[in-house]
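For reference, the structure I am asking about is given below.
Residue numbering begins at 1 within each chain, and the chains themselves are lettered A, B, C and D in the order written.
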Amino acid sequence: MSDMNQQMTAKYKNNFLKEIEEQAEMGDWVKMCMQCGVCSGSCPTNFHSGWDHPPQELFMLIRAGKRDEVLNSNSMWNCVSCYNCYVRCPRKIPITHIMHGIAEYAYRIGRAPKSQPTLHLSQTFWNNATKTGRVNEVKLTQTLYFKDGIASGIKKAMAMQDVALGLVKAKRLNPLEAVGISHKCKDIKGIHAMLDKARELEAKRKGRTA
Amino acid sequence: MTSVVATNQTILVVGGGIAGMTAALEAAETGKQVVLVEKNPYLGGRTVQLYRYFPKMCHPTCGLEINLRRLKANPRIQVLTMAEVTGISGGKGNYSVNVKLAPRFVNENCTACGECNKVATTEVADAFNYNLGKVKAAYLPSSMAYPQRYVIDPSVIGTAEASAIKAACKYGAVDLDMKEETVTLNAGAIVWATGWQPYDAKNIQPYRYGEFPNVITNVEFERLADPHGPTGGKILRPSDGKEAKNVAFIQCAGSRDENHLRHCSRFCCMASLKQTRYVQEAFGDAGKSTIYYIDIRAIDRFEDFYQEVKANPNVSFVKSKVARISEDKNGDPRLWGVNTEGYVRYSEPHDLVVLAVGMEPSVKGVNIPAEVMSDSSGFLMADPVNAGIFGAGCATNALDVNRAVQSATAAALRAVQVVNKVARAEA
Amino acid sequence: MAEMKTAAYICKGCELGARLDTATLVKTATKDGKMNLVREHDFLCSTDGVAMIRNDIDNEGVTHIAICACSRRAKTEAFNFTTVAMSRGNLREGVIWIRPDTDAARETTQEMAEDYVRMACAEVKAMQVPAGNQNTGTSKTLLVVGGGMSGMTAALEASKTGYKVVLIEKTGSLGGMAGKLWKRIPNREPFKAPMDSGVADLAAQIDADANIKVYLNAVIAKTAGAPGRFKVDIAVESGPTVTEDIGAIIQATGFTPYDMNKLPNLGGGQANVVDQLGLEAMAKAANGGPIKRADGKEVKSVVFVQCAGQRDATKEHLEYCSGHCCATSVKQAMYFKDANPDVDTVVLYTDLRMPGNNEDFYRAAQNKGVIFSKGEVSNVSASGNGCTVKFKDLILNEETSADADLVVLATGMVPTTGPDLDQLNEANRAAEGGDEGAKEQVIQMMSKSVLNLDYRQGPDVPQFKHGFNDSHFICFPYETRRTAIYAAGPVRRPMDIAQATEDATGAAMKAIQAMENAGLGKAAHPRSGDLSFPTARLEGCTQCKRCTVECPFGAIDEDERRFPLFNESRCRRCGTCMGACPVRVISFENYSVNTVGAQIKAVDIPDEFSEKPRVLILACENDAYPALDMAGMNHNEYDPFVRVIPVRCLGSVNTIWITDALNSGYDGVMLMGCKHGEQYQCHFVKGSELGRYRMSKIYDTLKGMNLEEERLMDLEVAITDIDTLPKKINDYAARIVEMGMSPFKGL
Amino acid sequence: MAKKEYAFYPGCSSQKGASASNYLVSVNSMNKILDVKMTEIPDWNCCGASISYAESGELPRLAMNARNFALSEQYLPGQDIVATCAACWLGSRESKERLEHNNVLLADTNTALKEAGLNLKVIPEVRHMVEVLIEDLGYAELARHVKKPLDGMKIAGYVGCQTNRPFGISGESYENPMYLDKLIETVGAEATKYDQKVTCCGGALAFSEPDKAQAQIKDIIEAAYDSGAEMLVTPCPLCQANTEVYQGQINKKYGTKFQMPVLYYSQLMTLAYGGSAKDAGLDGQVIRARKMEEFAAK
């Protein structure tokens, strides 16, 4: 993995573009962007709080060989998977997936911003879901709130208390799940074996160490 | 029954727009027999629906007048209006063509005196003005209309109004019993000049054309700016008739877009640059235009025009494909997007939005023989093997008027080559 | 030719009968018009009415007819009598449709109608049926100048149409610029990869074509004569000069790339910086393999700089865009990528201009990994074993740079036209004044001439914007100011091969048409088919040269006795010469100082106490007259005291008409012509400008007559002024009333 | 109507005691009335949702979905998979597309599936509950069962993202889909017009970046109120949760007075079909839908 980070990239050369094509999900579409900007204008989060680099700019940065600026950026992590950019792109570029792909790659090679909340959520969600095959919402929430240690966890929990309580009252948040009485798949073993294999194959395909 | 004199040395020109008229005239003025078929009741096609031409800001009817004079003076051209080609058989040097003639309900006796119009009461959509206005059911499409002959809308046929219209004509020009007919004619070569149609803006969902009244297309804007258009040349927005002093032009509305038209329609950049002049003309410095674009394609000497417009402080350019349009409570369309030159977010209200819709070749629904090839956008391509049918003008490519005429002149020669060959063979 | 028998026909249709006292009109035609035969008809354009006229012509020997009905623009199919002289009295659009149907208006409306009847009668009596050009050339051989893509295409297309062609090329081989290309931009599906230029194939077809005679290493020494009868001297390097009989000419002399040495800041002239043509040479040498630099190093990275010395607002370099360069750079980037996908190719552009399906070509290049960046290049400098390109990345909004083994400058097209005629004339004048430097300049300029036309007005075709030989008309791209001489390809306008091919084919069409019509003595566009042509009574000529100087089409030379020498088949029948002639010796059979003068005189001028002024309107038939016509169709009323006479062009207006009119008691004269100046709309190019220039001279005459300047009004009219024109007329009429009647009435 | 059977993929949030449990309750009641039979896919697993992208990578996520496909084909062969959750539907459909268009991925996925003793040959159709209602039953059929039209109720149909983009319900527009409005009208209520119909609710960012998400939610609720709506109706559990449970926090932050119930289309229909408040899972509302409770009681 480390070798990935030793990569030297020159300005306006293809090597970083190639790296993204090989490593990031759907990365081979980046070169097709014609900088119209419809994606940037379609992003809802973009209009509430700007990104460092909206998608089209991110693509230009990749073509300009600005590896650090791209991989260290928090931009991809702002994606809410609303698919507005995806359906409006005049080049039919799967922008949503590329955002995810670049984020995933940055994370894999240890470039994701420290304590990126959405990254943390992604990790937590996936681990939570794959542990038993199904999501345990209480544990999910707990893990999320306590990710920065008890103190802030309690603060967040307090902040979210009314929310949680409302759900509990509505029987839509089952405290029992906290103690493990929850939905789970029968063949958890099979699922884990399957996932290990999948991870191994993907790593091989992308020339990474799983 | 309409009679048409045609032989296998006749050139059939399909489409009476500027490309078709040009092809017909050039061939006829070189001594060839020509039949010119047009589906509208008048000649001139889309150019006569334009207010001005770029880059000279001159008027399309000026050139049309010359072409009509050439036509009137030339006995070699037979014109069939309200006519559509429904089938072609045979081959290069000897085609047999079926032409369907829709009834005009007015014959050549018509003197264009207008008495029929006076008694007509029903109003029908004014196609000449892209249905932005209405005309009486007995109408002359425009002052420049040729043939200079009224048309009666089929919707009134069989009504008392129709009888009144007939009675109003002292010259027996109104013939309510006219029926659709199909004539079959012979031709040695065919020039296909059916032109283009504006891309249907309804398909471009984020721009809400058809839902937001103040989002219109570039071809409609031409009619708004034309003193002889539905608003008498006043640039008023549809929702409330308010003067549209702050106008947004959205380029590539449908063009350069794999969800719509894959090709670049070429003329739209210049058209919008031209239309900013309309805004300036109407409101002086109070008129503001903003062009939202990906690339400004002001090719060759058109660049001069672009530079002039660019120098106008009342026109601004934003390098951005507008993401979506919303509507403010006062009816203002609001444009959302990002200026990609340095990542600047905008959410900008305008009085009126003009979508620079692109060009779609009008070759749909017509039975052109298989030997005619077309490209991925539907434009006709020259077929080196069977060429006896030649595309001309915007049926062959996204072209501006000047290039369409150029293309039509070339097509005329290709057709002349075929009939000359026939003549030599028969000599 | 049978003796003249005149007839007038008064139509009562379209309310004419109801609105006008046609019986009186009949008397007017008989008494004042002195017509031999006068008939009324209820519906003159009907089969019956037309048959009546036809019968008079066939059986009554009628040779001159005045149709007093609707406008000359209406019912042309019905009133189509080509064997007789015909005038049209416009009683409908010109009278009843522009007047209110009220008792108050009836008298003046009737007077208007009577005048138009008189005018129609007077005009037709002064007309003759054109006999056709006496001096027609019969050569049907096309000369093509230039053996590049455009020239070869024109030659082959003309040959395919059945015409003989003489093709001359100044170099030793056919192909021109296209011949220097490794590959061309694709012009058909799939628009994804560069394709063969097809030059070799065209050249082979030409060699095999018996209809085409090729002169290599040849230039034109002299072009004399006129359409249908050009005599062209061809100077062949190391050989005798040959003379060919030519019917029409296509100038396809192409372009040269803008000299990159004028762009030092972009590295022009440096090592490892080439222009697009330079890169084509490298690609040809590489022959599909890796592209190598002059120093033999394989190119591993290349930057394309678009608009190099083009679209230059400072006007220091080319102001225009050459259209093809974006697609050409895309194509050239593909040369690299196709040979070796690992080569870094960057295209720096400000607007990527790839119209039509070139958009696919652009996509294909991106797909091959070509990097496109919207960037403004400020500097290219040598660095290490290559170049550094400094530019502003407009998307990332920062000054930056890129290193490359090679930089390609997309410089523009400079047309290979001859000397600019205006500059040449200036130099000539100075030279005649004895200026030695000017003489040198003239020689130097003449050496650049392409056609060496033996024309009074200069050796080449007048140039349009930026030195291209283009037409100024959007509707008529093949409009030319030298009849039967057409420019094709990049010499006419910047264009790529696909367009040049199309353009050359169109030019061939026009040239062939011009040869055919020259043979029949017919005019070329815009008065296509007109058989009339100007003749001069030389005994009256004062050799003032105005006609030879002013003719917008260089149709008139001077013979050895310095009299005007008309070359009818060069003539476009605008009548500018007729308008220019101070002694009025030039005329057309059906359009002359008399045909118009007689109409002016025919108008009845009421005395000064009648409070009925008369205003003469001379309206250009191309735009102003149709505008007035449509004003009528829309029933836009205007003043009853005006009398409108259509003219072929303001350039044909002879000052005598104005002075005669004012002398005979008209109270004012309005001239209505097309826009002139840089954005001119005049269909005869300079006609309206010259006409106006002449009129400006009349003002002195007016002073001499103690008349106010406003008695003459010059109005620029567009065909769309349907609603505004009546108002302008009324305002002028009102102004005349303020001024009071002309003192010249009844003198 | 010939009874059609479907393989049911309820998804994690619809389970008992989970955040969309009331959705499931109402869907079951609705289907009972409409006579739509859905059999839960045995031992189904989580789809991974969009949010798992960073940790999951591509293949593992595909494998998870592929497992559901394989199980469905094994136990409920030939049946379309029906998801009630927008995210499940999208995740599954996307996986289906990728696997069908990329043989390498399909092969690798099968290698992984083998570890779970499964194999994927045919991939069943993946459909959203709403598609079944509209396409297989049709609006007329849906209207036929209405016993108590929701006369006079003003409801804003909130479509959101994932039933709408990138796939969407066939024949609908991304910018202004009408199906939800039509469903609302089918049960006799009035669908109000507002311009936030397809605005994103913030999705997973509601957890990770509450401020960003809640700003968007605020726009949506505000516009709904402006349009005169009394409640929101959605086809997506995440949209439902986000727009409902954060209203309190938004009120605190922005000083608004939001109190707008957010229901599922299935709840509306159950009620219009004469179902009880319980059948419709109204007890599962965090913001009580009083008007609906009264309606149900009538």
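What we mean here is this: contacts are C-beta pairs under 8 Å (C-beta built on N, C-alpha and C of every residue); 3 or more make two chains touch, one makes a residue touch a chain.
Since this is a predicted model, take the numbers as computed values, not measurements.
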If each step moves to a chain the current one touches, what is the fewest number of steps from subunit C to subunit D? 2
Both-way neighbours, i.e. chains that touch subunit B and touch subunit A: C, D
If you tally contacting C-beta pairs, which comes out ahead, B-D or A-D? Let me know. A-D
Among the chains, which is located farthest from subunit A on the basis of C-alpha centroids? C
Most central chain by CA mean? B
Based only on mean CA positions, could you tell me how far subunit B sits from subunit C in angstrom? 24
From the C-alpha centre of subunit B to that of subunit D, how far is it in Å? 47
Chain-centre distance (mean CA atoms) for subunit A and subunit C, in whole Å, is 65
Touching two or more other chains in subunit B are residues 206, 256, 319, 324, 340, 343
What are the residue numbers in subunit D that touch two or more other chains? 174
Two or more other chains in contact with one residue: find those residues in subunit A. 34-35, 56-57, 84, 91
Listing of all chain pairs that touch each other, if any do: A-B, A-C, A-D, B-C, B-D
Within their complex, state which residues of subunit D touch subunit B. 173-176, 195
Show me the residue ranges of subunit A that touch subunit B in the complex, using the header's touch definition. 34-42, 46-47, 50, 53-54, 56-57, 84, 88, 90-92
Okay, in this complex, where on subunit A does subunit D touch? 25, 44-45, 48-49, 78, 80-84, 86-87, 96, 100-101, 103-104, 107-108, 112, 117-123, 125-127, 129-130, 133-135, 137, 144, 159, 162-163, 166-167, 169-174, 176-177, 183, 185-187, 190-191, 193-199, 201-202, 205
So in the complex, which bits of subunit B are touching subunit A? 206, 252, 256-260, 294, 319-324, 336-340, 343, 345, 347
Residue numbers of subunit D touching subunit A in their complex, please. 12-13, 15-22, 43-46, 48-60, 62-64, 67, 104, 108-109, 111-118, 161-162, 165-166, 174, 199-200, 202-205, 207-209, 211-213, 215-216, 245-246, 248-249, 283-286
